[in-house]
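Letters A, B, C and D name the chains as they come in the text, with residue numbers starting at 1 for each one.
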Amino acid sequence: MIKNTFTRKKFFAINPNMDHSQTPIKPNLSSTCPSCSARVSEETLAENYRVCAKCKHHFTMSAGQRIELIVDSGSFQEFNGGLASINILDFPGYEEKLEKAEQKSGLREAIITGYASIGGYDIVLAVMESDFMMASMGSVVGEKVSRAIERAIERRCPVIICTSSGGARMQEGMIALMQMAKTSAAVNKLNEAGLLYIAILTNPTTGGVSASFASLADIIIAEPGALVGFAGPRVIKQTIGQQLPEKFQRSEFLLEHGMIDIIVERSQIREKLTCLLSLHKGGCRG
Amino acid sequence: MVKRQFDYEQKLKDLKAKLEELNDLSKNMQFDLSSEIEILEHKIQEDRELRYQNLVPWEKVLLSRHPERPGAVDYIAALCDEWIELQGDRCFGEDAAMIAGIGSFEGQALTILSYRKGKNTKENLQYNFGMPHPEGYRKIQRLLRQAEKFNRPVLTFIDTPGAYPGIGAEERGQAWAISQVLMTMAGLRVPVLAIVTGEGGSGGALALAVSDRLLMLANAVFAVASPEACASILWKDLERVEEMAQAMKITAQDLYELGIVDEIIAEPVGGAHLDYEATIASIKDAIRKHLPVIVGCDRDELLARRYEKLRSIGKFKTDE
Amino acid sequence: MIKNTFTRKKFFAINPNMDHSQTPIKPNLSSTCPSCSARVSEETLAENYRVCAKCKHHFTMSAGQRIELIVDSGSFQEFNGGLASINILDFPGYEEKLEKAEQKSGLREAIITGYASIGGYDIVLAVMESDFMMASMGSVVGEKVSRAIERAIERRCPVIICTSSGGARMQEGMIALMQMAKTSAAVNKLNEAGLLYIAILTNPTTGGVSASFASLADIIIAEPGALVGFAGPRVIKQTIGQQLPEKFQRSEFLLEHGMIDIIVERSQIREKLTCLLSLHKGGCRG
Amino acid sequence: MVKRQFDYEQKLKDLKAKLEELNDLSKNMQFDLSSEIEILEHKIQEDRELRYQNLVPWEKVLLSRHPERPGAVDYIAALCDEWIELQGDRCFGEDAAMIAGIGSFEGQALTILSYRKGKNTKENLQYNFGMPHPEGYRKIQRLLRQAEKFNRPVLTFIDTPGAYPGIGAEERGQAWAISQVLMTMAGLRVPVLAIVTGEGGSGGALALAVSDRLLMLANAVFAVASPEACASILWKDLERVEEMAQAMKITAQDLYELGIVDEIIAEPVGGAHLDYEATIASIKDAIRKHLPVIVGCDRDELLARRYEKLRSIGKFKTDE
């Protein structure tokens, strides 16, 4: 088990070129809850898993915060952190977008992958970062997910992926779309190897990611209130020309419609994951 | 002003009509313009061929969506000596936006799976403009497993604007249905040959494209999302759709160069809809060429190659 | 291929103790169509596959008539014709019911099984007979279906079953219910052997038969207008206390709801089966 | 008049109350009846035990349906050190009439699948009186395949009046959903232990009973259809339901004799609902006894035996 390689607060600084630790803490000292309009200080938010104490609204979490939330302290060891996107199609303005995304998120791409442990169980973890171009899936996301799965197969350990995505990355055209097939093929290999795959769907998970590896997990967990679906609500509203039902495509709606196994609050997630890993004896075929 | 229809053929027709009038008129006036007119006609013919060799991507989008373009039903009818359509997902419904069944092509039984578009308003409504609901993908899923049971190769045709974005479709798990098909096709223990015959739109189209060989008609397109959607989302400007179609690299030629498409199937000059017979002949030739190779391949090797092919798609840099 | 063992009209007289050929021809010379009330002579009916020429209503067919309808003339060779029910539970009145059923149907039990050919392709065929206690499934039906499937596995040929049933035979209690599991297990073996199984659902197919081998076929054909479902319409009406939708549980309804592959008229059935057998090269794995 | 409730305990309570009154009264009047009353109490106790040893089948039907009888949730809570409920069929809905998940029983991870009944009106409505829709069976189907992937043994509890007979249930293929579970369980490559804990009604209950070992609580029943349905269909007389319950051979003892049930699990005198702890202890013992045997069995042999067991059920004569 990889442990204590980093201090709790700096677990992600694997790539020496990039110090992720600067990004999560935002300068503004208080925010307005988008759901109940309560004022909440960043400090209170941080203490409360970035959940509004009043209405349970789940604020966005950075990938770094999420890793800290779920893994054993200091156990995260990033791999493939150096993979970065290139402008394959010479798509106008893509380089600039990538640069901005890097600045905004402090990451090289929309996903972080690595080894970690949860409750003492070794796992491979991938966490998407919506601050990076809405965590759209291009070559790098597809490649890092596939490599993460392949590493889990090598080590015979479970895979946990925290998803959030606006879909395929249009700037990479069909190359981006094909990442759906590539990651689905990788999940198929994981299944053949009899290894556990848990997906944690967070707000929002749509498009190509929802219709590939996100919905192929053995066990699908969703955060309360997360929007998950193939088509975005705006597209649907435009197509059908009518209002959408309340809670449409939200976790609670998905649970009712049989699409997910369980809704877990952030405060419970590490415990639930530990329980699942324990029930799967770490994740391998009995 | 964005071009909404590819009307070159109509313009050509108008031009030819004018030429005819000119000819008649000159004959009436006892001029002999026949040799000049012949030269003109020859030039027009040359121009036409040149024109079709130099279509811009947006024009191909329009051609690929041409309402008279041959569809799955035409190909199945022309290809199969025997054919039985199989219906239903065994769960919720039959989705007419997809057609599926077993056919025999020159003695080889095939599971054939495809989207289905209409050629008129009534048919379009009936087939939901070729946009499937989850039931369609679950029918495909069922018949993929059936093909595997009987060790029967799979042939797919791709021609859809994408999966239907509606309330019911989301309620019944569009994303879940599509991902299952993607995963199943990636690991299916029978050969899969896929042909993009019209427009391939988004993940809803990709579902039938995971294959051992991906072929594409010369005027077909295959895109991560429609150029309209991309232009409106990325550039907030629907007027720039032609430019977007260019930027997205969606033509058969682009995708061949990107290594996603294995071979381009030639179309008759002017597009598939002008000559069904020639189009079908090309498609038959392509199947004759590729199917025996993948059918003859050892299953484990076939699956290893399919994975390798999918696995290798993607370009990036590494700086560690 | 077994051929010409019998003349076309006497294909079923395998069991020397029982001459089935007497039963199909009914004494009354004309009937009233229950659907359109037209008067139809038995002769016309016989010529027209027992389908009303006016409204296409499918009259009940005896098992014997159905065999004649679908197999190559004279190719049917019955097996296990001697299996007959006993009163396992000492259930009051069961013997009398069995005797009456035998008299009414001219058969020993609610199913006939045997070898046959269709379009020259060897198959194993099972046909249920609703005149025998509404073709309810007891030990004998379960046993004959299982044996038929096992014979098909031995010979590596496809299985075709024409179903019609009121459900499990209550007089045999749990023994009857368990035939659902037994026949489903047999179909599982057939799948493992990679052999083709076609079910032809005829009016009515309900209860335990619908929820076991009838709905487990690779290809499910239904006759037009056949009632197929788990719960009978009367039970449903009682339970929910409201009227049932028109065409509820009928073939056309089932097709729309994705439960069957295809509706085939009697005049087309032999041709369709031949086509399917040909497409499956007789029914074996490629 | 058909008995609709098993009210022996109530009558006993009344009797005991009367005895108490008698005792008080006699004390007031300075009579010493204590030894007589003691004898009476002893007789009552003896009679009670005898009574429960001689329940007629219909009384067992009533006991098996007792609203306070322990259900899946009680067993899971008592058996499992760890437990995670998993939901949904990934197609259409979550069916609360069935509860499913992964639990750990004394260190052994198990996929646990069961019907779920309520203990009050609100719960009964929520769980649809333990009568599943197709979604319930499809959830089971999904989790059976999951159990197989992880080589995890399956434990089922059976307690349902049957599958729900409704329009939606038929529209979405109740028969199809049940048959798939039957077939899947027949060929499932992990050990399956099934326990009938309450009423097992019809094919809807059979779905979870296809197993390597079928155990049954002493007062549970398992029937091809409810005695009410059989009486009304076969005899057109709902009043003869007690007689029908007798004729159908639905008790654990009958089914053990018929070779369908492998073992009867004892219940506390008066029925499982009077002593949860004792019932759970018996069930734990039964699992401890049977699970290791099937878990230790070679998979091919296990499957061969499971098939042989199912295949051998049925009695008939042969005259050829």
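Details
Here, a contact is a pair of C-beta atoms (placed from the backbone, for glycine too) under 8 Å apart; a residue touches a chain by one contact, two chains touch by 3 or more.
This one's a predicted model, so the numbers in the text were calculated from it and none came from an experiment.
Any chain touching chain C that also touches chain D appears here: B. Shared contact partners of chain B and chain D, listed by label, are A, C. Interface comparison, A-B against A-D: more C-beta pairs in contact at A-B.
Chain centres here are Cα averages; for chain A and chain B they lie 34 Å apart.
Mean C-alpha position of chain A lies 53 Å from that of chain C.
Separation between the centroids of chain B and chain C, computed from CA atoms only, is 43 Å. For chain C, the set of residues that touch two or more other chains comprises 191, 257-259. Contact with two or more other chains is made by residues 90-92, 138, 172-173, 176 of chain B.
Taken as a graph of touching chains, this assembly has some other topology, since it is neither a line, a ring, a star nor fully connected. According to the touch criterion at the top of this document, the contacting chain pairs are A-B, A-D, B-C, B-D, C-D.
Here chain A touches chain D in the complex through residues 191, 194, 196, 215, 218-219, 255-262, 272, 275-276, 278-281, 285-286, going by the rule given at the top.
Residues 15, 17, 81-86, 88-89, 91-92, 138-140, 142-143, 146, 167-182, 184-189, 191-192, 207-208, 210-216, 228-231, 235-236, 239-240, 244-245, 248-249, 253, 257-259 of chain A touch chain B in their complex.
Contact residues on chain B toward chain D in their complex (touch as defined above): 90-92, 134, 138, 172-173, 176. Looking at the complex, you find that chain D touches chain C at residues 163-167, 169-176, 178-180, 182-187, 202-203, 206, 209-210, 222-225, 229-230, 233-234, 247-250, 255, 258, 260, 306-307, 310-311, 313-320.
Looking at the complex, you find that chain D touches chain A at residues 82, 84-95, 102-104, 109, 135, 138-139, 146, 149-152.
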